[in-house]
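For reference, chains read A, B and C in written order, and residue numbers begin at 1 within each chain.
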Amino acid sequence: MALFNRTPRAPLEYSRTLWLRGWVTAVMVFLYAPLIVLMVFSFNDSKRNVVWRGFSTKYYVKAWNDSTLVEALVNSLTIAALATLFSLVLGTFAAIMLWRFRFPFKGAVDGVMSLPIIVPEICLGVAFLIFFAAIDWPSGLIWPFNLSAITIAHITFCFPFVTMVVRSRLASFNKEQEEAAKDLGASEWQAFRDVLLPHIRPALVAGALLAFTLSLDDFVITFFTAGPDTITFPVKVYSMVRFSVTPVVNAASTVLIILTVVLTALALKYQGVKSIAESH
Amino acid sequence: MAEQNWKENRSSFFASALGPLLWTLVFFIVPMGIVWAYSFGRNAGLTEIDLVGTLDNYKRATEWLYLSIFAKSFGVAAMVTLICLIVGFPVAMAITFASEKWRPWLLLGIMLPFWTNLLVRTYALMMLMGSQGYANKALGGLWGGASWLKTLIGLEPLPTWEPVQLLFNNFAVVFGLVYVHLPFMVLPLYSALDRLDRSLIEASLDLGAGHFRTIMKIVVPLAMPGIFAGVMITLIPALGAYLTPDLMGGTDSQMIANVIERQFKRANDWPFGAALSFMLIYAMFILIALQGLRKKPAETH
Amino acid sequence: MTEAKLPIISIQNITKRYPGAPVAAVDNVSLDIMPGEFFVLLGPSGCGKTTLLRMIAGFEIPTSGTILIDGQDMAAVPPNKRPVNMVFQSYAVFPHMSVEQNVGYGLRIAGVGGDEISSRVREALELVKLDGLEKRKPDQLSGGQRQRVALARSLVMRPKVLLLDEPLSALDAKLRAQMQFELSDLQDEVGITFVTVTHDQDEALSMAGRIAVMNKGEVAQLATPSDLYEYPANRFVADFVGSVNLFEGKLTLDEPDRAAVDCPGLGKVYLNHGVTGSHGSDVWVALRPEKIYLHVPGEGKAIRAAAQDAPEDHNLARGHIKGMSYLGDITLFEIKLDSGAMIRVSRPNLSRHDQEDFTWDDRVSMHWRADSPVVLLS
């Protein structure tokens, strides 16, 4: 890093001022140090988290042998995958509807559809708890149908995010392109598939990533919606953190962090840092 | 670009509208409606709730005890937002003015934590801040250094270092919320600063203003929409935060979300919990309305 | 005054290389700009004009070389401390401030008293004819008005030098012509040194006292507008400023008071003055379209009479009209010479029917005066 290079600084090269570099470095350390320490100590050969006793993977083995933990992870990934799929479809349709059509009460529909983004998680969680209790949603079904309530809740708060991302991408779409396609003989559906879909693809990737991580991330809503037999990964980790801090939590968390990084890297490889950042 | 009237293309309109509208109706409006109805109900038996249309729940929710918790939650959220703004603004500046090569990576550096599991991040921070954690060790090291300096100039050394309790108090809650919400603040700030015409900054410098004055008089006023967006994106989730105060707070640092949770999971007073939920939602609406009052509404991110 | 005036800006061997760029944006440029001058930097897009101007203002750091303003080395002086002000290409009028606040901004920063600020702001707005619009916000102004706000905002600071980066490029043709005059008048009135950047040669010729033509980061020629046009120093300048016919040839006669060039394309060219260049060397002849007379062949006497300042067979050419465009004040002809080369000739429409004198495929002859061609070595 050219921290101390001598070429004089032009006035707007703020990021070359020493104090700003120090500031950014400090913020990055603040953001990453806890995660890195957590990951490092997942390999610690000691029950207590604070003293390094040598390298070991035994807590990964332990985590792997903890069947409820593995089950929770599988549940979480299943829910996230389903929620992403449904959110993408619903969110894209909603975005296209709001972008393309004029219809009565459009402002109200738009507002209500983006409400799940701003309503606090706790309120949504409470609402789902009451809702599923009131309509007597069947519980104790076989896997994966026992996850349906949680999945429905996740779709509800994920798809408005997809709508938002896709809609901002649609704003840059030139409608004449679609008209040109139709002029050349494409049907409504062909025009959608061949012209509109390629244009919003970066937003779909970003929206999928967002929906997947939001779903995987969610604790509060799941906490209220989950029955005793439907444990998700965050709920499991929560109870582990609450009742016993063991390095197994570190190991499980490390797996999740690595999963996030891999997902991000995949999205980046597919789309490039810039477009992901922009569609945010 | 002109929008199409839905009547001109009914089949396409219904194809795109039916799913989202139905879903929103059944799985969002109906549940919220039930909560709203419950907030006027009364507990009758262990699982029965009578919808009697009473305002008792709201009366109780506006008692001093609960109002003070609301006020405190708001105070904590406001403080968290302010700290995020102060910490995040220079970071957003640095990203905006970084070289082409560095900018995407800095952005990624901010976004990766945003994508990482909230619980994992909170747990990681707790691990670091525990009484045996590294934060305490670092402070102890500083203390030892100071003590050594004092002996160097011939003074009494400081008393031996006692680990401080960093967790389970209000400080921990604020610290944890800042840790969690910082990326939320930086991203809208960055997108507002990035849109700023650089020649405006240059013009200000050219007219004799220093960098600090340029930032205060030109950059900040013009980045106001982004600042408002960042404030809202940080303030609203911080106000409704559950996990951080629950895990990192002490007995006196419960926020409103924790009180709501207690009504459902422990106290089993659903109508009262529903009323508190709606109070929180109304508070959000007021905040958003306040933002809407500004002349140019800030674009949501 | 006995002692020579000192330059207000002295640019000495300035080079700017952007990181990662293969060639320098500004390459070893040296210039002196005199106090009170209207100086124009002219050149095609990307030749480094803006970069040079921004180095004077302090927004770019030169890779090497020195910039002196009023005799003082500017290397360590930040933009906000330099005695120059800049009018930006995009105007950079602060959108959240009224006209008045924009113009008063620099004075407020400098800590000037309230009364003085308002009187000086009023004065500056009068100067640029914006009085009455004090309370408007920039988005309620036209492009030309915004440009004048930017101008007033800089003028009010009473800088030693005003730097203007393509100040008129965003305006329509009419307004631009008007603003060109206004800028010149203003400069006369305030007596401040103006350094203006433009890629529009008409703008440069009409406003400038002196012009530096830049090409690929280097100064191709530094001269007054008329010298630049009539005595271009090289093919680049001849071609960039105005339009020109260029022919390759060999110097066949090289005496102190006359010269001749043999051009395979154009024929024999005679000049009634000496040129720099040695006998037999390869040169180019530049001939402006408006300096060529057009005749119907057979008006032989007239030709000989007109070309009498040159020896027989010199400064004459014949060809066919291959293209014509009527531009109102003049008509432009594309003529294919007998040698196969093309030449452009313009002819003023002195009477209403002049454009009917010639038409496509007409055979024509041309001649030009012995002081019209310019011999270029590079």
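Please note the rule applied: a contact is a pair of C-beta atoms (placed from the backbone, for glycine too) under 8 Å apart; a residue touches a chain by one contact, two chains touch by 3 or more.
Source: prediction; values computed, not measured.
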Of A-C and B-C, pair with higher C-beta contact tally: B-C
Chain of greatest Cα-centre distance to subunit A: C
Geometric centre distance via CA averages, subunit B-subunit A, whole Å: 17
Separation of subunit B from subunit C, taking each centre as the mean of its C-alpha atoms, in whole Å: 58
Geometric centre distance via CA averages, subunit C-subunit A, whole Å: 58
Two or more partner chains touched - positions in subunit B: 202, 205
Per-residue multi-chain contacts in subunit A, two or more chains: 11-12
Residues of subunit C touching at least two other chains: 59, 78-79
Residues of subunit C defined as touching subunit A within the complex: 58-61, 75, 78-79
Complex interface listing, subunit B residues touching subunit A: 1, 3-6, 9, 11-13, 15-17, 19-21, 23-24, 27-32, 34-35, 38, 87, 90-91, 93-95, 97-99, 102, 104-113, 115-121, 123-128, 130, 132-134, 179, 182-183, 187, 191, 198, 201-202, 205, 211, 236-237, 239-240, 242-243, 247, 257, 260-261, 264, 270, 273-274, 277-278, 280-281, 284, 288, 300-301
Of subunit C, residues touching subunit B in the complex: 57, 59, 78-81, 85-86, 88-90, 92-96, 105-106, 109-110, 150, 153-154, 157
Interfacial residue positions of subunit A with respect to subunit C in the complex: 7-12
Contact footprint of subunit B on subunit A as seen in their complex: 11-15, 20-21, 23-24, 27-28, 30-35, 37-38, 41, 48-50, 89-91, 93-94, 96-97, 99-103, 109, 112-116, 118-123, 126-131, 134, 152-153, 155-156, 159, 163-164, 175, 188, 209, 213, 216-217, 219-220, 224, 234, 237-238, 241-242, 245, 249-250, 253, 256-257, 260-261, 263-264, 268, 273-274, 276-277, 280
